[in-house]
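Next up is a structure, given as structure tokens.
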Amino acid sequence: MPTDIGPPDFKTMLPPMIQRNYGKWRYHEILEPGLMVHVGETGEALYTVRAGSPRLLSTDHIREICDIAEKYCNGYLRFTSRNNIEFLIEDKAKVAPLLAELKAKKYPVGGIGHAISNIVHTQGWVHCHTPATDASGPVKALMEEIYEYFVTMKLPNHVRIALACCLNMCGAVHCSDIAILGIHRTVPKPDNTRIPNLCEIPTTVASCPTGAIRGDSKTKTVSVNNDKCMYCGNCYTVCPAMPIADADNDGISIWVGGKVSNARSKPMFSKLAIPYLPNNPPLWPETVAAVKNIIEVYASNARKHERVGEWIERVGWERFFNLTGIPFTDKHIDDFDMATETFRSSTQFKWR
Amino acid sequence: MPTDIGPPDFKTMLPPMIQRNYGKWRYHEILEPGLMVHVGETGEALYTVRAGSPRLLSTDHIREICDIAEKYCNGYLRFTSRNNIEFLIEDKAKVAPLLAELKAKKYPVGGIGHAISNIVHTQGWVHCHTPATDASGPVKALMEEIYEYFVTMKLPNHVRIALACCLNMCGAVHCSDIAILGIHRTVPKPDNTRIPNLCEIPTTVASCPTGAIRGDSKTKTVSVNNDKCMYCGNCYTVCPAMPIADADNDGISIWVGGKVSNARSKPMFSKLAIPYLPNNPPLWPETVAAVKNIIEVYASNARKHERVGEWIERVGWERFFNLTGIPFTDKHIDDFDMATETFRSSTQFKWR
Amino acid sequence: MAKSDTPLLDQLGGGKWPSFIDDMKQAAKKKPMAKDLLGQLELSYKEKIGHWKHGGIVGVKGYGGGVIGRYSDCPEKFPNVQAFHTLRVNHPTGWFYKTEALRNLCDVWDKHGSGLTNLHGSTGDIILLGTTTDHLQECFDDLSAKGFDLGGSGSALRTPSACVGPGRCEWACIDSLDTCYNITMSYQDEIHRPMFPYKFKIKVAACPNDCVASIARSDLAIIGTWKGDIPIDQKEVAAYAAAGLDIQKEVCNLCPTRCMVYNGRELKIYDEDCTRCMHCINLMPKALRPGPEKGATLLIGGKAPIVEGALLSWVIVPFMKLEPPYTELKDLIMKIIDWWSETARSRERIGELIKRVGMRTFLRAVGLPALPQMVKSPRTNPYVFFWPEDIKQKEVK
Amino acid sequence: MAKSDTPLLDQLGGGKWPSFIDDMKQAAKKKPMAKDLLGQLELSYKEKIGHWKHGGIVGVKGYGGGVIGRYSDCPEKFPNVQAFHTLRVNHPTGWFYKTEALRNLCDVWDKHGSGLTNLHGSTGDIILLGTTTDHLQECFDDLSAKGFDLGGSGSALRTPSACVGPGRCEWACIDSLDTCYNITMSYQDEIHRPMFPYKFKIKVAACPNDCVASIARSDLAIIGTWKGDIPIDQKEVAAYAAAGLDIQKEVCNLCPTRCMVYNGRELKIYDEDCTRCMHCINLMPKALRPGPEKGATLLIGGKAPIVEGALLSWVIVPFMKLEPPYTELKDLIMKIIDWWSETARSRERIGELIKRVGMRTFLRAVGLPALPQMVKSPRTNPYVFFWPEDIKQKEVK
Amino acid sequence: MPQIELAGKTYEVDEDGFLQELDKWNKEFAQAYAKNEGIEGQLTEEHWKIINYLRDYFQKFGIAPMIRKLVKDNGIDMKRLYELFPTGPAKGACKLAGLSKPTGCV
Amino acid sequence: MPQIELAGKTYEVDEDGFLQELDKWNKEFAQAYAKNEGIEGQLTEEHWKIINYLRDYFQKFGIAPMIRKLVKDNGIDMKRLYELFPTGPAKGACKLAGLSKPTGCV
């Protein structure tokens, strides 16, 4: 077998109309939630219908999607960078029937424009070894409750939500409008009977962001300074004998105000809103309620075109905590290495 | 002798009109450069004439100031937080004669409002042991050239200049509109014959911001990793046997855009404009020219009420370097511990 | 009715939003692996804890990566997921598919694996979720036969990804798809045989809207931009205004540089002040478009928090023309990766390395000039290093 | 004409701006010390290098600080500055003087020292520049007799200073002078007998204009502020407009929170959004003034760069009423200093200590609640510590 | 925990075949496992060079070398390395050399 | 460099009287210098306690203790410390104890 053949050439996957208008699109219009049209310099119009996906797809489900694409799109479709399905329709007449079929098959259509799009997320308990929470579960539970915002366009701007099940943040949570992050809260207990055989001591020591781990290269063991450990789990990533998961204390934190686009404001990191919510499968009610609350306060307070972070920057974090009713705690105050950059070095602030 | 008597009670130093209007001032007006009036709730008006001072004053000069204050101010005067002299006049009729006498005696009158005020500065070669440049000398040379801006009010806002003769920054240079900072550029050579008797090894090691110093507690000596040393001189401060001054390489750097007031923008640090200019006593022509250039570019480009830093933030640093003609170098790019905070994490920038 | 084995997960089935549980159950009908996965997940839901063992190193011949090994920690209960490895399959750039290709994938995966996938993984790969060690090589061979190859994992170049760009977007300033595909094909060895200090990710967005989150999620972000004035079609401006867009409030007032003036009839842009944020163009695609001279801004260092805290990529090349065969770009990438590989500690991302040794060292090593576009502002601390050639050396007497 | 001994320094004499060289020459006429100082300075100008030896520890009885020891490194050339120590004399708060007091100082200094001074040092002291070791005690005694005392040096509380405040400023929200004087008198021991880990500076500004640069130059900045609405005198607003102030452009548009609306006749402020920056008040002192409820914001940690980089003080108490005898303030100061003294390394400023151990530790130690006013924004990194009481402890079986 | 027996000795290995008691490593172990890693027949001198290098490095520094270093220090290229150890340096070579299982960046 | 002679021995000291060869320190040196530091007559046991404490600390940690620590560890207060050493702990006590001259924060 030949190796290193690389992925299939994308050009072979493009619908003919795209091939003709490649790089020569003139403008687009959003026609209704989940439906937009791109018009090329040739005058040709390509319709896109965007549908939600659970991302974790069975082969049969994929085949069903293929069936639909074959029926309406000559067998062409794409997925978006947020894991939505995009049906690419060359024939305007097929748009309405497609929408009808999607409705019948219960595919949510939306996610375009000033909406909530699909939640970028990770593996969780389905496949990963370091998660502090599940991924697909909280996502499903949440989308169920904020579904309305996916299929309409009534928010001030789009709201990008992401979930990562541990601090590795396999996804966009560090720069999302709203981010859900699994966190551990227990100091790992090194199993020094296994460490000598399983772990590289220098690597384990170097893995700790706060320098909490001391290694003994002679005995090939390590010890953790509990006071310096903030449960990031990176030591576990490199050393299996440092278990960190703890059903009683693992949970979820909520982050807000990040973005990556350069539109108006510069890309921003998400900031801590809620330090801890319990893992409460299968419906994670605390997490769902917390996120919904933030979305709704945003929806009714932000100005048009303002992303969550832009709104908060304008009104101030004092106001954000006040409006959302989220308590501010000492955990919100940075104490990692560039903390002083976040301190209020000014008398400019609001009373609430 | 009794000790710990503390300073004289300031209340005994206040002119009677101030005592009457203490805490009950209503408003002030700037009447002309260097002259303002404060009106109290009683309706009384206190006139202040501000005059420049070299700060380094002989007792005879102080007595001359006292003579003037006695003649026009009933013997009351004050100094400002920027080392100007303020004559406090209760009797309006005495303002004009005072101004005339100050003119005759060549006291510069000004520094109020949208002007350059006195330069906050330090000891330099006059009294300190770590300076990389002189203080009073460059200040005098510079004030001579920008005198015009002290005695008029034609700048967009006030411009606060400061000078410190070494990185200890005994003054406000880290937050000044324009700052002049003496810098060393030579790695100190530890004199390990003297160090055991003169220096605390742990203190010397801990003094280095970049961890360039290694100490040997047995031999009580230290060594410097040249590549990690950025010549801050802090090791010399704690250990006399680490000489750092070097006539060939000491010199001056220029910093811009700092402020401390909370007016409009938040307090800001000064940022590096020019990494190095040679020490060229007695007139420091390179330094004087560089500062003058910055002031003039600011004066002709900033909007009314914009401080230097506010102007630069608005137009962008690209534009600042472009307009001033100052070359941008890799030295301008931070490489200390919070450097990444200063990196342009956005595609938003100007071409020049 | 029989009591369900998965009472907790069942609560997540159905509903308005498509349910991953439904997909898992669908697969479970044919696949014991999927069934045991459901079972183990139910256990996790009950116990609030994961049930996968640490790590796993498995793979296919000739490759050092592309497969994530995984073993259950309770194989006695769920023997069919005792081994449950994931294949990362490189997606067609832009995530465009003919259904035929997708059907091929499904067939291969039904043959060899759990029948469960992720479309797509966060890095962009097609994730084939769960198979056993003995199936790996065959599965790989079958994928190859259908024209698919593995993506990156480990200390390698990770599967590059790109926004839809010229494929379906009027704002594309560069050919994000072709650039990404070209890079992918040029660096097959670097993707498949890990030999870097740590992972390296490249993402290509064809304009500053950055629809692949490249600035946050890739070590090297390639983002389209332009020079020259934004062309204005005043007729279309008027049309937007007529249609109800409040141009002063929604466009001009939100311009970050406030370089637009609208007098109720005409829109003027002071382009020398424009920082190409896209906002005005986003709001009026018919009236405005990127300026005439197109190219890319390159940014380096983006990553998630571990170890030193998250980084957003920062500018290292304000403007580079990007045309096939992308020689300038690829030369620079190789220089960067070479320097990084020679200089970094193990598990040190390029952003962390530059943070540690300083931009000046990086710029010198890869031969890039220092430019004010690289920083938000110059340094505030006076800890300035000078190069040996800056310093007057003492005469040796 | 005789050739000058100081040809370089001569070039700095005279001119439009008052020359320190003229003052030095004036003193040199009566004082050999001042003459040798000139000589040594000329040498420095020639050689571009300082000529003072490192350090020097001298003082007066019963005090651990207040004098800076200094010795020439070329006493053979300039014997009169072989020893040339400086006394730091605590200034009257606000730098107000009756001439009598200044004349007293001059007399003492002509008797014991070089006849040269700094009015004032950067911390605020009267600097008496240069005397010999044997004059120190007598000079101190004579100063005492005239009602003056030494200021701080070393690892001590440094001479506190204050803006002119209620003495001559309509914006004073607190009595900066009295607060500063009260602190100074309360902490004489802490000023004169160093026993802190390092220096500690307090500065008091009576409003956010911060005319003593407290936020940048003191470990504890006390800055006046207010609660409640900014009173507006619309007549005076109109008068400013009539006099040529462009209220929309110069006032409203520069308000950082854009919380002002001017319709050409009336000015309205949405005070709940105002962050009390002072800008509008600064521009229209007759029309606007600070709101009704006055107090201080306390900020901690300001300092110059050595060792960890410069810090601007940050908010720890958004609002504190300040009235004599300032018990709440002084209790807090003592708590802070106690904790710092117990916890800091040698030569570690309070700001650096808090940076090292974290705000949460600091707040808990001194009993202050965490408030959003303390930060520009919450943390971005996920490295969050929980307190033991937050965590469910495992049952010990 | 799986176990294997070789020439009368029992070795604990994990699912991936990595030795769980590093001090039990010996040449026979390496040879016996070679086949699993796609190496036909006897380990050659070239194999041993890499294996010994890995072991020395691990002993000295407590970590596996970065692959670039391994390649450089042994004067071979990646192609050759994968010819020698078809399953790659991390999976194949480290396993035979009796190093602890590489972790982390996957 | 100034020198002083005491009981036949020569000591190098700096302008402030701080010993320049720390290993030459002895009790006679301390006693002889006491007068300079405003201490009348013989050094008392209380003086020696402080001096010995300083020397021990310096030997052990290579630095002079922070004054708060000195005061605490010796169960005295600042007032008493200044009575014992009128020129203060840094100038007086450290000098007599033969520590290197305190630097830095002035």
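Letters are used for the chains, namely A, B, C, D, E and F, taken in the order the chains are written, and counting of residues starts over at 1 for each.
As a working rule, a contact is a pair of C-beta atoms (placed from the backbone, for glycine too) under 8 Å apart; a residue touches a chain by one contact, two chains touch by 3 or more.
On a predicted model such as this, the values are computed, not experimentally measured, just so you know.
A.B. asks: Can you name the chains that touch chain D as well as chain F?
C.D. replies: B
A.B. asks: From chain B, count the fewest steps through touching chains until chain F is reached.
C.D. replies: The fewest steps needed to get from chain B to chain F is 1.
A.B. asks: Just the number, please: Cα centre separation of chain A and chain C in whole Å.
C.D. replies: Centres of chain A and chain C (C-alpha means) sit 13 Å apart.
A.B. asks: Roughly how many whole angstrom separate the Cα centroids of chain C and chain D?
C.D. replies: A distance of 50 Å separates the two centres.
A.B. asks: Quick check on chain E: which residues sit in contact with 2+ other chains?
C.D. replies: 63, 101, 103-104
A.B. asks: Which chain D residues reach two or more other chains?
C.D. replies: 53-55, 62-63, 68, 189, 208, 210, 215, 223, 256, 276-277, 305, 309-310, 312, 346-347, 380-383, in rising order.
A.B. asks: For chain B, what residues touch not just one other chain but two or more?
C.D. replies: Residues 167, 169, 174, 203, 207, 209, 232, 237-238, 240, 262, 267, 269, 336-338, 340-341, 345-348 of chain B touch two or more partner chains.
A.B. asks: Pick one for the touching-chains graph, please: line, ring, star, complete, other.
C.D. replies: It is other, because the touches fit no line, ring, star or complete pattern.
A.B. asks: What pairs of chains are touching here?
C.D. replies: The complete list of chain pairs in contact reads A-B, A-C, A-D, A-E, B-C, B-D, B-F, C-D, C-E, D-F.
A.B. asks: Which residues, counting only chain E, touch chain C once they are in their complex?
C.D. replies: Against chain C, the touching part of chain E is residues 15-16, 18, 38, 63, 66-68, 71, 78, 82, 86-91, 95, 101-106.
A.B. asks: For the complex, which residues does chain C have touching chain D?
C.D. replies: Result: residues 305, 309-310, 380-383 of chain C touch chain D.
A.B. asks: Inside the complex, what are the residues of chain A that reach chain E?
C.D. replies: Against chain E, the touching part of chain A is residues 196-203, 207, 217, 220, 237-240.
A.B. asks: Quick check: in the complex, which residue numbers of chain B touch chain C?
C.D. replies: Per the touch definition, chain B meets chain C at residues 167, 169, 174, 181, 183, 185-186, 209-210, 230-232, 248-249, 253, 255, 257, 269-273, 275-276, 312-313, 315-318, 320-321, 328-336, 339-351.
A.B. asks: Residue numbers of chain C touching chain E in their complex, please.
C.D. replies: My answer: residues 53-59, 61-65, 68-69, 71, 83, 153-155, 189, 193-199, 341-342, 346-347.
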